[in-house]
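Going by the order they are written in, the chains are A, B, C, D and E; count residues from 1 in each one.
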């Protein structure tokens, strides 16, 4: 890194934030839902670059796959189902919100003046707990990616909650959309006269690559940016792409709805099961140091996994491995469930489509 | 506490882990329910899990009675680094309340679901129900501000869908659920924003650590706004007066099981968290006092008056009960805003009383709904003749709501009034009196229609609800009565709770 | 220095895409802008990674390239077929 | 030697960025969707090739180079495919090109295609709604 | 220094939040409301991330101390600054907000999908997703409540 990199970071920060504000204003202004969705996707894209500038690589990863990918697809699925026209504007409906928003904004500006300067390394945020994580991770967890260490180990309970939130969303969408008319899913077309050869071939090439890449992100999460959640969403993208290109019918035949739902459940069970195993072995819930009973731990030769990974970290490593796997399963399966819900609900009456 | 000694039969190994088992039990149960082959199995899973959670909650309460405060470090990391559960007497009381309502709801769902939710949805519904239960229990136990947000969302996301499932009976459930989702998410986001400001000021998310650091820091604009956002965000969830717009529709539209569960736990858990922040985390000083007496108290008073009036003019029974809930939240917050030990314990006692009686009332309405599709007070007229037992339970709940002597509601109102008199805040006494009068009016309207009129169109076809529904209903109504006569148990728990809080009172 | 100039060029190009997305006029212009913005962001992430000495972030660029494609397919299905469940192929009812 | 590689790599990155910039100008200035698609996809692939090649020169033979290659493959696969899909969608939705032989033929045939296109271009904003 | 400069990030985030809230409350269209809600939630994420940035820092993925990479990262910074705020010779940004926001983003997409699914059902039950029209129908429902269902 050179001095110029710092200046570039500074400039990028400002430029990207201004871009975000511009996109936000455009979203507020547009009356077309589709335009709003497209702009929202662009907002996510731009904010993810900003996140990289802010050193939040893991978050950028997530925002990229969730904001630009899954959210856009889900929103598209939704506006197809509601067949909404342009948003109606009513000037009377703009005054009260404007007053409210200005009030909240005023309070926020007042609050912001009390914050420490942006980027201050000595601010309470950066000096207290955050710094302790950076210092202690090597000793206590032993993975290079501190974000993964905090996510999966120090604050593993939050992550369990997050996984459960995803699971709950899957249940919610299934309750709403899962039992409706999944009638007449169209068959795959005959091969003749197919003029989407480009897309079909590209998709065929990409789908296995996407799955492979998901597993790379999963197992590389200790060392670099990535982890169960990101990998889960990427993994879900593979069947979604398959459904988009080759039709939902074939995808559901390969990955039945119930099976996918069960996988989501298995993920949560795996995660909480790790916690319970730790408890049975005498530790607290999710205390991975107790993942293996002492008798097993004693059998592990100290240098087995290389110098930094002494026996104490064994449990942490495997604990993180298993819970990230649980997150992967739940997230991937739930995202597919959600997609099934929106794509599979054939709401249009015959002939209603354009 | 003798009761706990008697009930407290959990083996020591379980007791040590009881705080987390209270939360993890329903979580794992939710998975099992989702995997189970049919609605019946899911219901059994639901029952077992809720009972397990209650058992563990009792164990926790016994432990708290002995040790005052339990800290449970998750993942083996001490608090500011890791997440810790922190349970004091108030938390234990709330957990007992939530878990008991959870068991009653699970028992009740055996029959109630069949008439209101399509059979194919039963497994997922039970799973969602257990997730909500886990969410509320986690919310009550956690000692970490951000973890509270996660549990807030665990419970909320499940709740939105569960409310919307009520569309099978009443399609107004759908927009109500959507409204709830919008309000709830804005509330949760405001909460996160507030926690963000507090985090920026203190650098920690653990509530105890945060309180310690705030005490030395004093307040600056970030802290003040942070607290304001936290309370506003939780206020949405707690249906604090101007932020209650989501509640009437949601309670009226949801399947009756969900109404029971929400009315008895959702707003209560949020109020609990408000109390937690106001008394444990807020730095002592002018800001806290100004907040309590100039913002919280007037809003609570407005809620009592305005929403009671709305309840008086409402036609549909469920909506009356829903508006009444907002008004009763006002009663509770009035007690809290007094910030004296007496006021606080009156507020907490009222909270428990309201949970029991509102649970009983919604459950009774659900019991009627099994046989008849009645909505308005007119529809319910004369129903007491066709379904006497459910109506009797409804009557007990309504009497408690109206503050008739020998019910828990009476004791609650009485202690509120005496606490207000003690502080000399006459206007609060006046508000309480007007509110109680209005409550009597709408309660009287419902009871008059049910018990003293000839059966109307709807009530003629009414039949008594099955035992599976009557049993939990009678437990809730009976508790309202029993605690109205002999309130030793709740009073001792509430007093313990308040003495845990009041040291830090502003 | 050169990399910084590259970043500047890419940022200006991004701004142009955002402008195109805001003014439209048709939805296809917005789609084009979104897609092209995605490509530029892939490049930007790669260049930032080298500039700031952490080239490991290329993983994120890869994800972007993938996601961008999926989104575009979804949008195309939106325009062509008005459903996400239909397979691609000869149009049954061209619209 | 290393410095020279860095210099050349940096130069390629700048060239790539300039190419995308040029494409951006095209996207802003060209008259209709098809020409804009043309400008964007052409410069995107070209610019991506230059930038990624430049970065590869800078990083030398490492794992990162492999990833750069992967990014390049993905961009090369997806950008043209997306452009194809986009143009296809626009065309089948009835968007008429404003320049080129197609347009001339059409304007000869109809005599009023220009105004037709303009109307379409402005009214298209709410295409998400069913007619 | 001027607050507008030192707190630029926070102010921009405030503007984004206001935009999100405005979109949320100024439209009756349920889908657009969800978009506004998503915008509001995302801006909270940006707020947290801004809090965790340390100037001159790098992503919190540990680099082996004294490796060439670590030295290159520390080179442009003041050595005493690195000494005071760095860990193993490298200044990292704060990982905790990143973890929190990972969770928040997940919650955001969960809310979005549940909200949209409810909106879809509303469209099926009411034939519209405009809040005003839904309310009108719901009022009729309420008025109907007295009559036999």
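Going forward, a contact is a pair of C-beta atoms (placed from the backbone, for glycine too) under 8 Å apart; a residue touches a chain by one contact, two chains touch by 3 or more.
These numbers come from a predicted model, not from an experiment.
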item	value
Shared interface partners, meaning chains that touch subunit A and subunit E	B, C
Interface with the most contact pairs, given as the two chains involved	A-E
Chain at maximum distance from subunit D, centres defined as averaged CA atoms	B
Gap in Å, rounded to a whole number, between the CA centres of subunit D and subunit A	29
Where subunit A and subunit C are represented by their mean Cα positions, the distance between them in whole Å	19
Between subunit E and subunit D, distance of the C-alpha-averaged centres to the nearest whole Å	30
Residues of subunit E whose C-beta touches two or more other chains	17, 21, 24, 30, 51, 58-59, 61, 72-73, 96, 100, 103, 107, 110-111, 114, 117-119, 121
Set of subunit C residues in contact with two or more other chains	1, 7, 17, 24, 27, 31, 33, 52-54, 56-57, 59, 62, 66, 68-69, 73, 75-76, 82, 95
Per-residue overlap in subunit B, given as positions that touch at least 2 other chains	146, 150, 153, 157, 160-161, 164, 199-200, 205
Pairwise chain contacts, counting only pairs that touch as defined	A-B, A-C, A-D, A-E, B-E, C-D, C-E
Subunit A-touching residues of subunit B, taken from the complex the two chains share	17, 20, 24, 27-28, 30-31, 34-35, 72-77, 80-83, 118, 120-121, 124-125, 127-128, 131, 134, 138, 144, 146-147, 150-151, 153-154, 157-158, 160-162, 164-165, 197, 199-205, 213, 220-226, 228
Of all residues in subunit C, those that touch subunit A in their complex	1, 4, 7, 11, 14-15, 17-18, 21-22, 24, 27, 30-31, 33-34, 37-38, 41, 44-45, 48-49, 51-54, 56-57, 59-60, 62-64, 66-71, 73-78, 81-90, 92-93, 95
Residue ranges of subunit E touching subunit C (in the complex, touch as defined)	58-59, 61, 69, 72-73
Subunit D contact footprint on subunit A (complex, rising order)	31-35, 79, 83-86, 195-196, 198-199, 202, 205-206, 352-354
Partner subunit C, residues of subunit D touching it in the complex	7, 9-11, 13-14, 16-18, 20-21, 23-25, 27-28, 33, 36-37, 40-41, 44, 47-48, 51-52, 54-55, 58-59, 64, 67-68, 70-71, 74-75, 77-79, 81-83, 85-86, 88-90, 92-93, 95, 120-122, 124-125, 127-128, 130
